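Below: one structure, written as structure tokens.
Chain nomenclature is as follows: A, B, C and D, assigned in order of appearance, with residue numbering initiated at 1 for each chain independently.
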């Protein structure tokens, strides 16, 4: 019974993420099999995209269950960055969905920004982020250096999140964005809002935004 | 009878705005639940999008009726910016539709432009705006500073419109555009024309347009 | 019989142009009812879009027949720029389709370019234009100043075409592009090629193209 | 029997490339009939797009079989650049698909880059290319000067590939990109990855990327 229930949950969540994948691939945010997506299954596990799949054509069999340390609970090879997903589920009970994308805006802005964070301010759309209720509250997006050593990166992310519990997303330099939410809808809202703000920053920097 | 008729009108207008929402979301002009839309119901009321809805997936139940001071006529929480819609219906009898969007072009250009207005000139497409019949007539788009105090902003808009009755849209700095029309089609024409002109201005400013 | 035949031709051509209109509107090249399209009916007449129609939703009734001096052959108001279409049919027997668009690339590049023409060179895609068989042949696109006096503009175009019979398209400053072909397919190929080249020029000019 | 089998293979591959063509045309990477596509049929032949076809509307009859020196095996005129496809099949047994596109990013970046190659580094997406497993490995994309003498260009490509067997794509100045893969899916992954990286480079160069 519980097995069947949890299977149903797996498939429904896989289909939710597949629909998101089609939308994000059409936007060019997960090119060339890049990016990876996950949703929490319960207090101890999550489903995550398998390694190397086309994100615009995900089937149920392209996902696998992992524990919150990122270890697979069955056959299949999880994405190399699985730990960056599961650490978020371990960090906060309310996090239900994590999306990682490689949009051009996120990739380029993370390379152009000098220093370890980007400050967004005076955009009405900052209010789309959890806990922000005015454009006057600056939003800080940390930027971590890219590495192929995921456990090391996970440790840096962990340290940052403990010190900055209101964070709703981060960049990896030359790599992409991670963001999360209490459900798939909120996570997509955060992703849309952050990419919009990155796009605006790139457009504005070309001209020398007066805020800079 | 009249109740039934007005219900019918409500639903037809909600569906018109839902179709517009799908188109505008696909263009990236209402990301992350931003933007809001309204249509006049009669001399004393309008329907407006409820707060926080995904603008690409609007159902009838995502709209509510408000009076022209922006107060809800039934249950539900209207968008925080409802007053910016209803003041336009109160201002001019012929206004039937109001659209508010957060396009990247509108957002960035409103931040980059120094001063309280943007002047558009020598574009053929200016003729798509109500009352303009030659590219030689400059179009002035006022830019208001962003605020979370909507009644204060509404007052500034009101003062501007009384002094500039030919205005067909305005910007809020770092926030987005408001525009209107005698019907949904004209309002979309104004929105398309204004966003096109903003896009051209941004492209041109990168190169140092000779008109500047 | 001939009446019925010509009606059939009218409708088939209207539908060809309606399909083109849907594609061009989706690309953002005919925003806010801008642009106009035509096809030759026979040696003495053409069909052309009526004034002020949404170019993404054209029906048969949105077109009307005109003679080659641009005068309507029935009821309805032809587009103000009809003469710019019909002068091309009068100029060359083989011209069958004329498209006029307001793409952002055409609009902005026509404003940024100093002088009365744009020279395109060293692009492989120049070969998509009629009569060009190597990237080494520079392509000259004339730019006319915008005016609301269409007969005056038509006269300038006429003089240019007589002196430059190989021309396959022109720009009007701050307004858009006109191009033509021996059939709808060739005309679309010219339009796609020219807009692509304009887009490349705008991208390249941002960086200071080495050819400049 | 074998005739029937090989016909089936031809048609299935033509349909695979037609589906790719629809996707690439929608992205604007094969404007105005530009670009050409091929797939290996067996050890001695490949199918390739015929000359001058709209790449978004390819039918089986728009392809023809050629031998690995680029000569047609039946009626029809192969694309002028057929030899650039077949030399790749002759070079490596495992190459199954070759795509040539004219995206704006590839075209403009190939013109802006001084020298005979582009170096991509510190992008996570480099890992989408065959044989690359870290962003820290720089990727070199050679740029050949454009010419209408395809055999001469093929010779230069051949010399480069012999010296650089790990190459997974190249640019032709002002013309476009060639890339390949062990199957259609890998070739599309390479194309998406390379165009994404070109787009990032163009965006970054506008601002003066700190890596430069």
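Heads up, the rule we're going with is that a contact is a pair of C-beta atoms (placed from the backbone, for glycine too) under 8 Å apart; a residue touches a chain by one contact, two chains touch by 3 or more.
The model shown is predicted, which means the values in this text are computed figures rather than measured ones.
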Same-residue or different-residue interface between chain C and chain D, half as cut-off
different
Going by the average position of its CA atoms, which chain sits the greatest distance from chain A?
C
So what angle, to the nearest 5 degrees, turns chain A so that its CA atoms land on those of chain D?
90
Intercentroid distance (Cα basis), chain D paired with chain C, Å
32
Mind checking the centre-to-centre distance between chain A and chain C? Centres are C-alpha means, answer in whole Å.
45
Expected list for chain A, residues touching two or more other chains, is 206
Just say which it is for the chain contacts: an open line, a closed ring, a star, complete, or other.
ring
Which chains touch, pair by pair?
A-B, A-D, B-C, C-D
List the residues on chain C that touch chain B in their complex, please.
28, 31-34, 54, 102, 104, 107-108, 111-112, 114, 146, 148, 172-176, 202, 205-206
The residues of chain D that touch chain A in their complex are 122-125, 128, 133-136, 185, 189-190, 192-193, 195-196, 199-200, 203-204, 206-207, 209-211
